[in-house]
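Look at the two complexes coming up: chain A is in both, with chain B in one and chain C in the other.
Right, the complex of A and B next:
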């Protein structure tokens, strides 16, 4: 595109002039180039490598190109289906807990009329969101430690437990603990998104519901919930996407155990790729994980857009 | 409305044997405490009686307390002091749903996820009406408002005017004792607003329920109301029929608020001129007719210095006045701007001795045959029977 077409400066003289002419003539390249390079380095190249590796047989010495080999193994490995099941339980549990508790906190905060107090509190609760996930995992592992954990100590002191319980040694309780740890770190995000949604509901809507004779519960059902729907979907999708691909919390809390009871897909990929060095297979499972996430997220986003369109008057 | 003649003028109408009282506000006061601990009085000792079937409009500048007053009647706010009776019953502490009232909101407040049918039916569903009655009532209401075809649409698919009708429908469908309107037309464009105004008038004639309507638009106030309540700073300035508010404003505030273009005010000194009263402003003098002279003489306050009010309509281009004008009815004025309006022409004038002083400008509305041109000096006539005089201290209208 020539400078004249843009209504820009006339062609300049000297080195600076020539340089600025070149920039004007290649404005798209100049503006988009750096981000394209970054995108290539951090996304396109690794993603292509991942795809490429997933087509290699990496068992034994070296790599051999066998496109169907790893993908064929995925669906016949019984521990893969275990990981799928645990991932679904983990992500669903975390989704329900964090959005549910987030809603409760948001509703409470929305009653705080002083915006300074409300914002200060919303910022404070974000701290648990800011804690690195692996730290969260280690903290929860120690809290629920069978011999030294504070949870056992408290429960025994309160007379609820008679003796120490091995929380992380039992399949069911280990899953509950990792889900609790995961949602603990995601509740603030859900709360902040839902609070923003609550704040955007016009006061007039509550007044109108009151005039129409609605009780508090009916107002919640006919005004608050419908208006919050888009926020629910945003908070839910993002929470679910992260929980579905969760690695740091289950890995640092239980390492996937006991006996694979908390082995999510990401931990499963780590086991094959890093521990067993079968990175071809690990890549194939990764491709599967990314594909499922993308498909669900895309469908979800279209759904959200429709919802938002409906709500906008 | 034929019933209008029964309405008594004045802030506290005397007992009316023909019509029952629908709303009684007695000393309603609303105070808020600010963050810094200071108290703001939003509504200050408002008393008002509204008769069954009457259309009352609360009008005033923003922040005058009219909306707060309406919300107190609705039950959305509790008064700090004062009592409120609806249909003769004290409603203190009662929830809005226990008051048999409906309200139409400025931004319509429709439920976006419900269809038109769902919106109109909502108050009936909440009150657990039988399904077939809901169906008939919703259809009848929608037909009355001309939105019978839109029942299955969502609010987002409707124009502003249609949304407004749905909001009206949701209020009418319950057949409440009192309707409240909070600036319901302010979000519509000018043309639609005039159309909806006429329809509201017709609707009120048909439904005939007591209505309290809040607006900052004086044209809406004048055209819709049986009586106008002019408010300022949380207090009632005047309660009267629209014509009275215009012709006999109770004070300087009402005089300046009602009327478009607004009334012109001039500080004047008074002196006798024969048996008449003469007022001297900076740049012109007027000699007032005997009736006004007598009224001023009977006034028990100080009348040496007064505030003279002349509506733009009380001026006329002296060249166009057919009768012969006496001295003290005209004065020379410099023409700053000429604005032809169609049926008449608005002139921005300055007294001739202050032709360079923009602050001295006042507005005159003269017949459109005027030859006045900007930069000239013309002789301007004043209909001295139409002037107003205010106490400069209290703002009270001496002649009303």
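Right, the complex of A and C next:
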């Protein structure tokens, strides 16, 4: 063996030695195999079942194989398209708020020179990211409660509202509240990714811009933004993708209400699949959600790669 | 940007505006507002948790007679201390399994060529990008079939699905930063491939391993969707699920709900305070490469 000639490990004696030789010769299988087997069991098996279930009619008692049934329902059921619409509003709103606020925070953090102060700020801002998502939901539900909520109390004390407003009882304001709650938990991630992007910009670029007499605005536009673009896209894609599939926050803040006004696709799938036990329809909607996510993600990644190449040129 | 009507005066005014935006006052104002927005909902929960059931109805900002009774109602009367124990057990078991499986797998992807290696790696990324809500329906059926409904095992298995691809990806990115010459030197010095991984490369990647561990623990602790689907009984439900269950009550005991929420947030907050740097490394390490 080549390794032995180079002074590598000698071949072992006995059962233990043979086993150790076998492990050495099959190192990739030994180190990677268990993970792949695990992923096969916990992912491939349920994912295959998902496809299979989506072809079954499970509305009545038992299951019958009707490939077109559930997919047909998708295109004719107005509640499905309501969920699609709400999901788009929800994910777009959260994307804009999270990445916008995240950018402001990242730019500000990048200007704090004392690293202890910067870390203190970063720690406080990261806390909302670590809060369990159902806790985010019940917290915002409580703050915006119609009778006892602190938001109504504050707005009345400040003279902005005259009497309590039912935030979660009105379609539009309920959507605003769930988007705020969602952004609240996603802003730290966007801020962290964008800050990492800002810190990767070489100082020489700023020095060169200064030497050329560039204004602050010009420096921002022609140095900061182009370098930040990849981080911007990554933060945007991930924020959008996770907001698009959001379940815990809308579910625990409003339960999808009032009257489906905040029912995202994930809440919709949960309602049919787990509460109404209509597995087939829930699976077909899931397939739709997965397909949209993957198409957007793939297209976006290609787009990012092109963008990055442009920058390097 | 600078049109024909763009005068020197306008230019200077803009420059002043930008300089103002960059001043330390504005920087700290932005950060102060951000911290206020992030922290105030949790402060409100904390204040609520110290109120009496009657005190909640009085609509005051501060608790008039601060008490820990809400914690007693949530944790002892409702028995949610068991949900806390379940959460600790489930998050710990999930983290151990995911790190033991994912670390060597990430190493293989960072070092070795093998048939279909890129395809296998894309498969791992695919499982990561796949929306977990899509698997909930079949998973619920599988869990029911195998008698794993209302068990901690059922939740741990879901956590393995959720976080293993992420850890493989993160660990691969950390291993890639370590020169392959290190492995080769160890091999020349007489290490087997396993020894080279275990005693030479692994210690170097320890900070990345720590980041992956902390991230997985936090994610498992936070997880709601599968925990809620698999279990809503005290033998196996987690504290985020328990806290959510208050919402179903006819007259919600908001103080007790707030107390449960604070109990669920404390471990997360402590991890963030002590391991902030690792979390940032983990979050950004999972993106590059």
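Rule of thumb we're sticking to: the second predicted complex is superposed on the first by the 292 of 313 C-alpha atoms of A that agree within 3 Å, B and C clash if a C-alpha of one lies under 4 Å from a C-alpha of the other, contacts with A are read in each partner's own complex, and residues count from 1 in each chain.
Here, contacts are C-beta pairs under 8 Å (C-beta built on N, C-alpha and C of every residue); 3 or more make two chains touch, one makes a residue touch a chain.
What you see is a predicted model; the values in this text were computed from it and never measured.
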With the two complexes overlaid on their shared chain, look at chain A and say whether chain B and chain C clash or fit.
fit
Across chain A, the partner (chain B or chain C) reaching more residues is C
Tell me which partner A:134 touches in the superposition: chain B (first), chain C (second), both or neither.
second
Touching A:283, do we find chain B (first), chain C (second), both, or neither?
second
Considering only touches as defined above, state whether A:97 meets chain B (first), chain C (second), both or neither.
neither
Partner chain(s) touched by A:189 [first = chain B, second = chain C, both, neither]
second
Can A:228 be said to touch chain B (first), chain C (second), both, or neither?
neither
Quick check on the superposed pair: does A:47 touch chain B, chain C, both, or neither? Answer first, second, both or neither.
second
Touch test for A:211: chain B only (first), chain C only (second), both, or neither?
first
After fitting on chain A: smallest Cα gap, chain B-chain C, Å
7
Complex contacts: residues of chain A adjacent to chain C
3, 6-10, 20, 23-24, 27-28, 30-32, 34-36, 38-39, 42-43, 45-47, 49-50, 53, 101, 104-105, 107-109, 111-112, 119, 121-135, 137-143, 145, 148, 150, 153, 184, 187-189, 191-193, 196, 215-217, 220-221, 234, 238, 241, 244-245, 247-248, 252, 255, 265-266, 269-270, 273-274, 279, 282-283, 286-287, 289-290, 293-294, 297
Applying the document's contact rule, which stretches of chain C touch chain A when the two form their complex?
1, 11, 14-15, 18-19, 21-22, 24, 26-28, 30-31, 34-35, 37-39, 41-42, 44-45, 48, 56-57, 59, 61, 101-102, 104-105, 107-109, 112, 114, 120, 123-124, 126-127, 129-142, 157-158, 160-161, 164-165, 168, 187-195, 197, 218, 221-225, 228-229, 239-241, 243-244, 246-247, 254, 257-258, 261, 264-265, 268-269, 271-273, 276-277, 279-280, 283-284, 287
In the complex with chain B, residue positions of chain A that touch it
114, 202, 204-205, 207-208, 210-214, 218, 222-223, 226-227, 229, 309-313
Chain A partner contacts - residues on chain B that touch it in the complex
35, 71, 74-76, 95-97, 101-103, 105-114, 122-123, 126-127, 154-156, 163, 170
